[in-house]
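I am attaching a structure below and will ask some questions about it afterwards.
Letters A, B, C and D mark the chains in the order given here, with residues in each chain numbered from 1 onward.
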Amino acid sequence: MCAIAGIYGGQKAAELIFLAQHAQQHRATDSAGIATTDGAHLYNRAGSGIIQDVFGQADLDKLHGRAAISHLRYSTVDDDPTRDNTQPILMPFEGEEVAIAHNGNLTNVETLIEEFPEGVSLKTSMDTEIILRRFCLANGPTINDRIIQALQGVRGSYSLLMLFPDRLIAIRDSSGNRPLSLGQRDGAFCVASETCALEAIDANFIRDIKPGEILTISEAGLHSTQLPWATDSHQAMCIFEKIYYAHPASVVYQEDKGEEAVADFRFRLGQELEKIHPVPNADIVVGVPASAQFMALGYASSGRSGNFSPSIQRSHYIGRSFIQPNQAIRDTKVARKFGLIRRGRYGLEGKVVVVVDDSLVRGTTAKLLLSKIWACKPKEVHFRSACPPIRYHCRYGIDTKGNAELAAATMTNEQLRQMLEVDTLEFLPLEALHGLITTPKRYCFACMDGDYRICQQANTTITQRI
Amino acid sequence: MCAIAGIYGGQKAAELIFLAQHAQQHRATDSAGIATTDGAHLYNRAGSGIIQDVFGQADLDKLHGRAAISHLRYSTVDDDPTRDNTQPILMPFEGEEVAIAHNGNLTNVETLIEEFPEGVSLKTSMDTEIILRRFCLANGPTINDRIIQALQGVRGSYSLLMLFPDRLIAIRDSSGNRPLSLGQRDGAFCVASETCALEAIDANFIRDIKPGEILTISEAGLHSTQLPWATDSHQAMCIFEKIYYAHPASVVYQEDKGEEAVADFRFRLGQELEKIHPVPNADIVVGVPASAQFMALGYASSGRSGNFSPSIQRSHYIGRSFIQPNQAIRDTKVARKFGLIRRGRYGLEGKVVVVVDDSLVRGTTAKLLLSKIWACKPKEVHFRSACPPIRYHCRYGIDTKGNAELAAATMTNEQLRQMLEVDTLEFLPLEALHGLITTPKRYCFACMDGDYRICQQANTTITQRI
Amino acid sequence: MCAIAGIYGGQKAAELIFLAQHAQQHRATDSAGIATTDGAHLYNRAGSGIIQDVFGQADLDKLHGRAAISHLRYSTVDDDPTRDNTQPILMPFEGEEVAIAHNGNLTNVETLIEEFPEGVSLKTSMDTEIILRRFCLANGPTINDRIIQALQGVRGSYSLLMLFPDRLIAIRDSSGNRPLSLGQRDGAFCVASETCALEAIDANFIRDIKPGEILTISEAGLHSTQLPWATDSHQAMCIFEKIYYAHPASVVYQEDKGEEAVADFRFRLGQELEKIHPVPNADIVVGVPASAQFMALGYASSGRSGNFSPSIQRSHYIGRSFIQPNQAIRDTKVARKFGLIRRGRYGLEGKVVVVVDDSLVRGTTAKLLLSKIWACKPKEVHFRSACPPIRYHCRYGIDTKGNAELAAATMTNEQLRQMLEVDTLEFLPLEALHGLITTPKRYCFACMDGDYRICQQANTTITQRI
Amino acid sequence: MCAIAGIYGGQKAAELIFLAQHAQQHRATDSAGIATTDGAHLYNRAGSGIIQDVFGQADLDKLHGRAAISHLRYSTVDDDPTRDNTQPILMPFEGEEVAIAHNGNLTNVETLIEEFPEGVSLKTSMDTEIILRRFCLANGPTINDRIIQALQGVRGSYSLLMLFPDRLIAIRDSSGNRPLSLGQRDGAFCVASETCALEAIDANFIRDIKPGEILTISEAGLHSTQLPWATDSHQAMCIFEKIYYAHPASVVYQEDKGEEAVADFRFRLGQELEKIHPVPNADIVVGVPASAQFMALGYASSGRSGNFSPSIQRSHYIGRSFIQPNQAIRDTKVARKFGLIRRGRYGLEGKVVVVVDDSLVRGTTAKLLLSKIWACKPKEVHFRSACPPIRYHCRYGIDTKGNAELAAATMTNEQLRQMLEVDTLEFLPLEALHGLITTPKRYCFACMDGDYRICQQANTTITQRI
């Protein structure tokens, strides 16, 4: 899970992109980088941590020009510590440089590396570099030709931003697995993983970059073309963006659901969950912050299974548990990140409590949180996951290291119930989730159903290979 | 506004106090300090920033012993930069040291300084030092005698923790203006500004330290006594703690309201506000994060003035606006701290929106937030303050620099409405606030009614002066 | 004044270059950078301060490969703070990158910038970039052709190192104004500003890079060629390297003086100075650390003008005064950098003292030092400069901002004597300096005689211009 | 080896003491601390590293008042990392505080700890605290009475500075093992380990604090008294101060040698060494920087055993090898700290070289240096130690961890010669060293002769024990 953003045409592009990325900080916190161009050269800076810690005013001042791209990175345990794994990556191109930022994950890295001509090696340990290097090796007459040439044979998910001195190019793979949206402010066009980043800089959301689209932004305005192999049947948009990753104010996947806000989708998830797995005697419905707030509102909306209750308050002085790189740190932070209301209307004490979570991945956070909930002496605790069981690890962008660490992959519902020490435990059924989507076949549910079809998709309509 | 916490009797007192203070981090973020004792000596460390940034494991390891007090500080513009204005303050006492941490503000500092014997001068620019120095100069036979002697003649508000090698003493002034609560875990007693800090270390809330109480915690257990001048008529507990400062999970002022959680009081504020100033055609009720969430729930609870809507999402990667020391920083941060939902069930677009805020102090944050709200194109915006107009600056602990910067002190409601560019603007009337409290005369409403009676209270029942 | 170093062929090139540059740290302390190559890609890092502070082991570990170049920079007040003025500079070249490090100063920058094709602009504020950009724009069939094309028309001084994935190229301009030497260790070839850097990594000094030479180091070994316009008459090697900049252990300008160590030349300067301006009644001869130590030994060698005395001890915990960027810092540091012996055989008290300095530039350091000397109560103080008066600012590499700040440019000897408050003050005459050199016409004495001939030298033997 | 300094009476005492300590930085580099008083309170700051790194202007600004003491510390491997081992140490005293700084080492720590009353424990792991705590527990009518009471029974070496709000007290133990000198500037009195620190702040050296003296500096001027047990026979001043530790400009032990500068004593050491162990065919005499420079001058002074040659240049960008805390760091730094002249008059190549070192302790630095010397291809290398063999570890202040790591304790001269790979190796005989001192029995030669008499000295003339 990463965040990308770009702008073309504004004054102080680096400052605007900084604000846009701040609004996407929930997606990744390990490193942040910005590349800009003044029309002649590229400038770039990157470092570890959240964007506010990496960039001071002096850094932004050194990022000259009216166009910029940026990347927030969620590092993985596979990272080679001797390599400089920040993005954007820059590479020489036509006497100047090109920069790239990538949200997604390639699934045929070994094959792609073998395809490189003799002598080509990688400088980083990020698959992003593979894409950029294929682009630089390609030899079509136009930049778009080279992009198409570079991307054929590349499997997996990618939303890309490429910055040249005279243009910014946004690309979304034919599956559309990762979101990417287009906005406009004054004379500038903006692209970002989420629409909330557009709104943070007062840009209007225009539309999504379409699955398989190559959108070029330059002084000449917008120019759109398609990856030649892109067909509607390729579409496999990540459902988890809507469930967990995205900001509730964002619109994701306009393709399928129009401009439904993420908050509304989550409300409907909770509403449906209650229909299928109600808790008739419940007093209160508590959402695990921050993602499950709207699911809890939906669950409580019928009035039959308890009232909505913000009984779990999140500390404002600690990061998001899912995006910490190792288990040890996660545990310590979980212990400090929640403040629970024990007494009164919204108190847990003596109540029949429904705890709604967005999902159940490793189960670690849930277990620690439930022990804190029981310390408040509720009468009963019923756990509800607004997402079906996660049984398969994601190959397209999320850092789980195989199925074994997924709680629902190895335990029955009853085992999970006992592990979490709750009175009942239920998941939204996968069919119900399908029912909440206009066209389920446009989505990827691989983490729930194991259908990794993105890996198999043919994207080799052109014969010539680099 | 500061936060204090203490523990006596636990293993790794420094680590427990660190966790307790983390739960009170919402009260102050400018500096953090911890003093501990191993029964023989005192150890202390302090620094600028939030407690997670000031203390690493190596620092906690150097804070030896089974008892500790700690202080989180909200610095003021009066701070002398050449002085070391962190707390706890340590001072020599009986061949060892004594440490003190103070939440509150004295109002007769000049008089107290004049009373010092020839040659006595201050080392810091905090009034806390005046109390400690008076204590060290006092000469009664017992520590409690000296405390009483030190505090007579001291006007203003103070909740104090004092750490000696063999005891921890918690003191709350006779007005009870600042909260202070007692808890217990295993063999240890804990005190903290708020009960949420007790719960963060799995301690049970026992009771409040009473207004005018001196509570000594030692190997002998608890020993309580009273400041001799303390009478019920002195009580003047800060109503703003319940409205704004305290964590919603905390219980404050058990004296008056029993164990009502702050969340419930805020719900009732919103409920009452809606009764008096409804917006019959409203679609949604939005609370300004984080304090006004429960007020918005209360406002929406009748169902007559719109539905509760968490349309304003707070960024998790930025601090609390009120506690930044200067205006310039505040503005920048406000611009980045909120993410608004524009579309759908919880979207602002096209809706008649009620914005419920906890109060209206300077009006700066509200104005910036409202400009962001209007950018989402609501149909109407109605502003409701769950607190009566703030017209008088607080002399007991809050950093406002005089009445002039208080919006409601200089503008009529209509002027405020125009300044904030809203359709209607209303405050909860002061009488209504009184009505929500069991015994209003036990509370201080000085910031609303200008009755600074704490300053006048006689606390000189004992003749001898130091 | 900067320092450059390069290595081709060794294991851990970054670590060796780090050690080599450490030995040249006396030349520049403002920033340090290293670029390496693993045969496929370039890697680079740079930062402010001395090389030990910029590079930790983790940084060296990220600089992969068996070839490296490095630069230590002495920043100038003209530096644009919004630009990234560290070296090596990298630029795209033939699908990969090329890095450059430059010791020297160009004198026709404005003209060179005007010569750029429409649309070419600079990314830094260093003239080094002009050379690199001319190289990248050149279009000859070979790299050497492009280098020659890039350098024709470039006036001023330059010793250059260029790093490509498959070669390292060392270039010295036809004046030979800045030193550059070649060494060998195991299978590796090394180049460095000074031979002391070669010896620091146990490399043998082979020979100087010749004025006008382009030396390519690759898997094929060494390949040398000449800049076509280079003639012996161009030679104008900086005499000040031998007087002040270079390490006493270094050999500079093998062309003229064979392998005479800098220490020996400085000894001869002092010896000659004493012949011309003796102080017959002197007790002791004191050299200003660190540069004038050998001059003082030479001055004292006849035994007629006092004995050598290391009465001024330099603190090991402070940097070199000449290389601090502004006057305010220089003064403070001078006050702390010297420890003087007052008593005994080497004491200043009661003695007739000859103070030998390497030169007199601004006079600031000398004045402060002399006030410390007088505090030791010597009987007489005689000041001797082993270098003729510096009356003209250097245009080729030294940071003086015009003649006005040069003490000897605006004051007579008598005025200087009064300003420094010494009994006598004498300089080595320029003719005497000429006499100590085999072929004076091979040297640049511009700072003493105002002959800026490097600026006028024709280096345009080839017609075609880029 | 530590450095202490104090001042009483000057404006900006903290700034002056900072400059004084900078001049003593050669003695210790691990931590630095300053305590000041404004006549009412004490202020203090300390941290790791050299004093320039610990104190910025903002820190000095917070150290109020006209009197100060300071300490530079050389940490030992025994340091407890969980304790705060910086000095000065502060402790409560008579309602205010007292600060202490200590140069030396106690030898009966266990006994002293057992003597403490029940319940007294230590807060640091420095024996300094034992002295201060004994002082605070003492109960004589005057401060001086308490000091005497505190110090009786304390064995080992101590030069102490104590700071009270109204006075500064300097104490030197009856052995006088560590130096301590008194100076004056304007209205201020200054004390420092070495006279070079006095001169750094333009103070005149008045005299040494005498062995066994307690010197009080206050508004009333100077008041001197003696430790009652002090007799001349106690004197056992560390000879190694004159050989190695002290700055060459300092005067140490005025008691015995008047105001002979350390530089002169070192010259005589070298002179005598050459008389006893000449190298008749030598070409050059090289001193190991920085300490042996004057010994080499002395060795070369007869003209019979080669000429003085500063062939080993020390880097100005690295600290002193002896004072690094562990072996690993020492080795790396040694490799980088020296630059050797290979060619010419002062070159090592082809020469018969005498290497004069101040002493031979572990032999590590010497071995590494000699390997660098041989790399310059000298004809012969003769090693001369200006100090007799070091065979016994020091119990009074130097960090050697037992005799085993002392090269001369376990190897014969021939073994040492082979280990260092030199042609000959000789030490100054102990008797010759005695002969260079007026009254050898006033000195401690324990590291050479194993006579640890300071440990046995009776200092218990007063019966009453605390």
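Criterion: contacts are C-beta pairs under 8 Å (C-beta built on N, C-alpha and C of every residue); 3 or more make two chains touch, one makes a residue touch a chain.
If you're wondering where the values come from, they're calculated on a predicted model, not measured in any experiment.
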item	value
Longest centre-to-centre distance from subunit B, chain (CA-based)	C
Geometric centre distance via CA averages, subunit D-subunit A, whole Å	62
Centre-to-centre distance between subunit D and subunit C (centres being mean Cα positions), rounded to whole Å	38
Between subunit C and subunit A, distance of the C-alpha-averaged centres to the nearest whole Å	53
Multi-partner residues of subunit B (at least 2 other chains)	none
Chain-level touch network, classified as line, ring, star, complete or other	ring
Chain-to-chain touches, reported pairwise for every pair that qualifies	A-B, A-C, B-D, C-D
Residues of subunit A touching subunit C in the complex	38, 40-41, 43, 58, 61-62, 64, 81-84, 91-97, 119-121, 123, 136-137
Residues of subunit C defined as touching subunit D within the complex	19, 22-23, 25-26, 29, 50, 52, 196, 199-200, 202, 247-249, 251, 259-261, 263-264, 267, 290, 293-294, 297, 308, 310, 313-320, 335-336, 339-347, 375
